[in-house]
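Same chain, two partners: chain A is paired with chain B first, then with chain C.
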Partner chain A sequence: MALVSGPGRAGGTSSDQELHILKHVTYIKNLDTRKEELEYWLTEHLRLNGVYWGLTALHLLGHPDALPREETIDFVLSCQKENGGFGAAPGHDAHMLYTVSAVQILVTIDAVDELEKRGRGGKQRVGSFIASMQNNEDGSFMGDQWGETDTRFLYGALNALSLLGLLDMVDLPKAVSYVQSCENFDGAYGVTPGAESHSGQVFTCVGALAIAGRLDLVNRDRLGAWLSERQIDKGGFNGRPEKLPDACYAWWVGSSLAMIDRLHWIDGKKLASFVLQCQDPEAGGFADRPGNMVDVYHTHFGIAGLSLLGVEGLQEVDPIYCMPKAVIARCFAR
Partner chain B sequence: MASHGVRRFKPVEKTPEERQQELQKIYEYRSLERLVSEEMAEQEYTAETLKNISDLLSRNPEYYTVWNYRRQALRHQFSDAEGSSEEVSTNQIAELIKDDLVFLIPLLRSFPKCYWIWNYRVWLLNEARHLLPLAVSRQFWQEELKLVGKMLTLDSRNFHGWGYRRLVVETLKQLGTPAEAASMTQKEFEYAKNMIGANLSNFSAWHYRTKLILELLEEQSASDDERRGMLDDELALIHRALIDPYDQSLWFYHQNLMCVFDPAAAGRTMAPSLSASERLQYLRNEIEAIQEMLDGAEDCKYIYQALIECTLLVSKVAGQLSTEDRNQILSWLSELQQLDPLRKQRWLDFERTLPNV
Partner chain C sequence: MAEGYANDTEWANVTPIELDDGSESGAMPLATIAYPPEYLEATSYLRAVMAANEMSERALKLTKDVISMNPAHYTVWIYRARILFALDKDLVEELNWLNGVSLKYLKNYQIWHHRQVLVSSRTHFPTMPTKEPDFLMEMFAQDSKNYHVWTYRHWLVRHFKLWDSPREIEDVETLIKADVRNNSAWNHRYMLRFGPRDDEPDAGMVNAGKSQSKPEEKGRLPVVDEDLVDEDLKYAQKQILRAPENRSPWWYARGALHAAGRSLGEWEEFVAKFVEGDEVKSSHAVEWLADVYAEAEKTKAVEMLTMLKDKYDPIRKNYWDYRIRMLGQVA
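After this line comes the complex of A and B, so read on.
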């Protein structure tokens, strides 16, 4: 799955409000055929994220089989390291970001068993890597052994461990109190205690609390107010006060609002219209803003945002996991 | 990949020459990549390897695994240096760290939002902290404050920049005496003030200010009177700034200040010990001041939001909502519903859940 941006551009206009499902499917399927572009190689450090973005988008678009299942499993497993974690691509070091993507992909295509079957030490070994990233003092999580701490990694850890049924491997109450320590007076959350509120971090903090079953700790009205103020006149969301809108915030802000039952506090129609203007109606894919280059990251989060809004033709997305609702239901039915 | 803010261009078919050039570039890049991973597999932590790593990272600073290679190679060189006498070892390690910090500057300049470069830099400075005498490592950390100041001048909202600044200041405080730590907080307070002065919409700077005020008062073991003095200054400041009431950043700072009067939040604010009657007095003054802002800005939704918020706080402090206040709220709410159609449902929910008298 290439992470190369372009070649298309978001040419959608306000009059073109159709979701070009087949164009997006083709766009994603063709991403891996772009090996003659330098950028394909320069973005290898995102490959496994890219597979998760592309695969999830295809599921939401109603084309779950558009990527070959066996090849996907082979690729995911080829990224696993000795310590149980996953790197972005074969030869890349293990990191939380890719380990979470690996788990999400395997769950989506119902292939977690392969970790056992193919002698990878099963899901337990993946769980050990994730659990080893927790700081026992304050409950936070690092991304890898080099120590960067960020609420993104805490969310990722809880996301993957809960999907694997291994949440008991970590200290959940401590993780929860760490998230609380990142809350600001505006009801929103930052990357670490003391950091400015940011929509991406709101998603990770609220998502982590949702997985931990502690949404009671969220000041819903206060946070809902802050999140709803992210919508600007043109309909799109920005990530922080006085910043430009971006299609991917349709997901970060929208899913956070959905988790606290406040998605109706914004104008969904106008938001959907903004996101649809970010698509390339000819070659497929979404960009951050109308007129800019498309890429698979914005394609995935744009589509996930539209799914939250109930746009016709899309499968329902789960606001906590950013995976198809049907997949989450199947996973937790076990 | 995530191409933020890249304007569209018309994709044109590449000429055969251009395609050839692109393939050549790929070949060079992948050869270098292969060479570096071979050197790492062979544990050749030499100056030559470090040079190749630098070359690779300059071509692709997002390649996190190669940053990890760099850490390994450098750690090897540190332990080599540690074999020498203390003075020589200190000089050698300090030299290695200095060179590496210099190497990162142009990369940070070109890729100010790349997480991996910032992470690596923090790692390097923490190595300095662990391996070098206090005076030397402190020097390194002090230089960082200048660097991050420059970065924030170039992009005053850079998320990484602000986070990095907090980290540097926190570390410098740990490396200094309590008195030095206190003077740092004061200097940072001035810094945030200047940043706000340069651009009132800079919410990152306002946010920093809220945190610094709490630290300042804490470090000075401020009395209730001094805390109240600070509160009065802040209220005066935000009222002056709100001469432009259409700026959302200012209202978020205002909302933050109002937490002082919220019995549920006051304990975590700059003036935790106000009495109920003092809180009510402040809130009534506030409502009056904000109402004056409406003059000529009747279409500014933030004003109505703030009026409603303050009035609700009055009811929270007083323990009940008076009929008069409730009617006021409803009239401001009807303005809001006109002015803020995007959040129509939010205001409907609000109306539904507004407590009865």
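After this line comes the complex of A and C, so read on.
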């Protein structure tokens, strides 16, 4: 899935409140035909994430079969390394973020079995790679053997392991206590202990606690107040105080509010209107802000945000996993 | 410079390893990747030296070449750090080179982890590299809210125990003076003044990481320097006067009072000046008064929250309604 931005720009207006579903489907399907462009190889380090974004968006748009299933599985498996983890693209080292995307993609297209059939060492080895990234001292997770720490990696680990039914491979209480140490006085969370509160990191921390069954540890009123304060006059959300609004925060902020049962604290109509203005009604795709170039990342999170708000024509999204609710239900019914 | 490596005698004894994109399995990959020839060639040599775990000057040069074409290539940074340590290279020189790369690629975060890996070597850096603060200020001149840079700076404070270093608070004040709405700088100040120190694991506030601590114990200091708190509260008031609707200093003051175990009521007189008659200068002041009144004067508290709901923050109407309902339950 290419991550090339454009060529379209977000040209939605406040009077056009229609979600152009078919345009977005076409936009995502065509992404892979743009290999001649320079930006295509510059974004190679995100390729597997890109497949997850495009695929999930297509599912939420109600077109789950728009990507060829077999080729998707082949591509995912071609990114797997000997240690069980996945790289961003073939030939890249294994990293937590791509391993999580790989698991999410396989779960979405109901192909986890392929890990046993054609993968390296089955799902157990994927779980081992993820578990090996946990720091036994403080419970945090690294992205790769290099040691970078980020609550995104911790969330990703719990997300993928729970989807694979392997959550017992890690020290869950320690992971929970690490998330708690990232809580700031304003009730929100940062990337590491002491780092400024950031909506994206709030999603990962609250999501991790939700998967661990420890939402009781969240200061819901204080966090809900901070999150709802992210909505600015035009209706969009920013990621931190005094920053510009961005369509993707409809997801990060919205899902966090949903997980703590506070989504009704914001003006959903105004938020939906802002996100819809970030779409390109002609060629499809979403941008961060009206007038900017569209890309698959903002397309996915814009659509996921609209799904949270119950916009008509979209499948329901699960606020914890950022995957279709029906997929999550099927996965956990096993 | 395609075939630059193939024609270079320094690289004659290396057989480049071509990219395995999974296509030999017979499956057409969903996302075949098209590369410009220079990048393709350099990375094929990179794969070869990495496979041989070569720790050499030429490999170091090659990593620089790949980074210059694509600094987001995460694998190459790991390899570069390992070579630097293996060859015992001058890390200050490496930092100087990194400064330029960081200023060129402001959004890249691999660079910052690389920097942290180098600076965390106690052998090379028993104390903070002297030019770090100057360079960080240069970064902040480009983007004073750069999340990666602030996270790195927080790590520096903890690693080198800089909580009371005059330079830290000085830089924070310079940045707040330039932009009073810089929430990142306010967060850094809070961590310097009220964050956990080296006798405790790091956390966003003291006691935050302990599962047994009650909500009110979080952010509450065991030992308080009252003069310092007074000085900080005065500082916050001065910044509030510059921009009353700016959230950061209001929350900073809440944090400072809470850390010291003092009450919001202490500020009632100062805060009331922002809510005189019909002229409300700050919604944060209205909320502050609502919290103060919630203790004993519930009707007045409801009045404040209703003002927020109807006039000053109607976009969060349901939130303010909830706050009003909560007051009723307590009564």
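Keep in mind that, in the parts below, the second predicted complex is superposed on the first by the 333 of 334 C-alpha atoms of A that agree within 3 Å, B and C clash if a C-alpha of one lies under 4 Å from a C-alpha of the other, contacts with A are read in each partner's own complex, and residues count from 1 in each chain.
Methods note: contacts are C-beta pairs under 8 Å (C-beta built on N, C-alpha and C of every residue); 3 or more make two chains touch, one makes a residue touch a chain.
Because the structure is a prediction, the values reported are computed rather than measured.
After superposition onto chain A, the modelled positions of chain B and chain C overlap sterically. Contact with both chain B and chain C is seen for A:His264 once the two complexes are overlaid on the shared chain. Of the two partner chains placed by superposition, only chain C is touched by A:Leu77; chain B is not. Touch criterion met: A:Val296 reaches chain B, while chain C stays clear of it. By the touch criterion stated above, A:Glu242 is placed in contact with chain B and with chain C alike. Of the two partner chains placed by superposition, chain B and chain C are both touched by A:Thr192. When the two complexes are overlaid on their common chain A, residue A:Gln124 makes contact with neither chain B nor chain C. Once the two complexes are laid over each other on the shared chain, residue contacts for A:Pro7 go to chain B alone; chain C is not touched.
Residue contacts after overlaying the shared chain place A:Gly224 against chain B and chain C alike. Put simply, chain A uses residues 36, 38, 41-42, 44-45, 50, 91-93, 95, 144, 146-148, 184-186, 191-192, 194-198, 224-225, 228-229, 231, 233, 235, 240-243, 262, 264-267, 270 to touch chain B in one complex and chain C in the other. Against chain C, the residues of chain A that register as touching in their complex are 1-2, 32, 35-36, 38, 40-42, 44-45, 47, 50-51, 67-68, 70-72, 74-75, 77-79, 89-93, 95, 138, 144-148, 173, 176-178, 180-186, 189-198, 217, 219, 221, 224-225, 228-229, 231, 233, 235, 240-243, 262, 264-267, 270.
Residues 3-11, 36-38, 41-46, 50, 87-88, 91-93, 95, 144, 146-148, 184-186, 191-192, 194-198, 224-226, 228-229, 231, 233, 235, 240-244, 246, 248, 262, 264-267, 270, 287-289, 291-298 of chain A are the ones that touch chain B when the two sit in their complex.
Chain contact summary for the complex, chain B toward chain A: residues 1-9, 11, 19, 22-23, 25-26, 29-30, 33, 37, 59-60, 62-65, 68, 71, 115, 119, 122-123, 157, 159, 162-163, 166, 201, 203-204, 207-208, 210-211, 247-249, 252, 255-256, 259, 265, 268, 341-346, 349.
Listed in rising order, the residues of chain C touching chain A in the complex are 19-22, 25, 27-36, 39, 43, 47, 70, 72-75, 77-78, 81, 113, 117, 145, 147, 150-151, 154-155, 158, 181-184, 187-188, 190-191, 194-195, 201-205, 208-211, 215, 218-219, 246-248, 251, 254-255, 258, 315-319, 322, 326.
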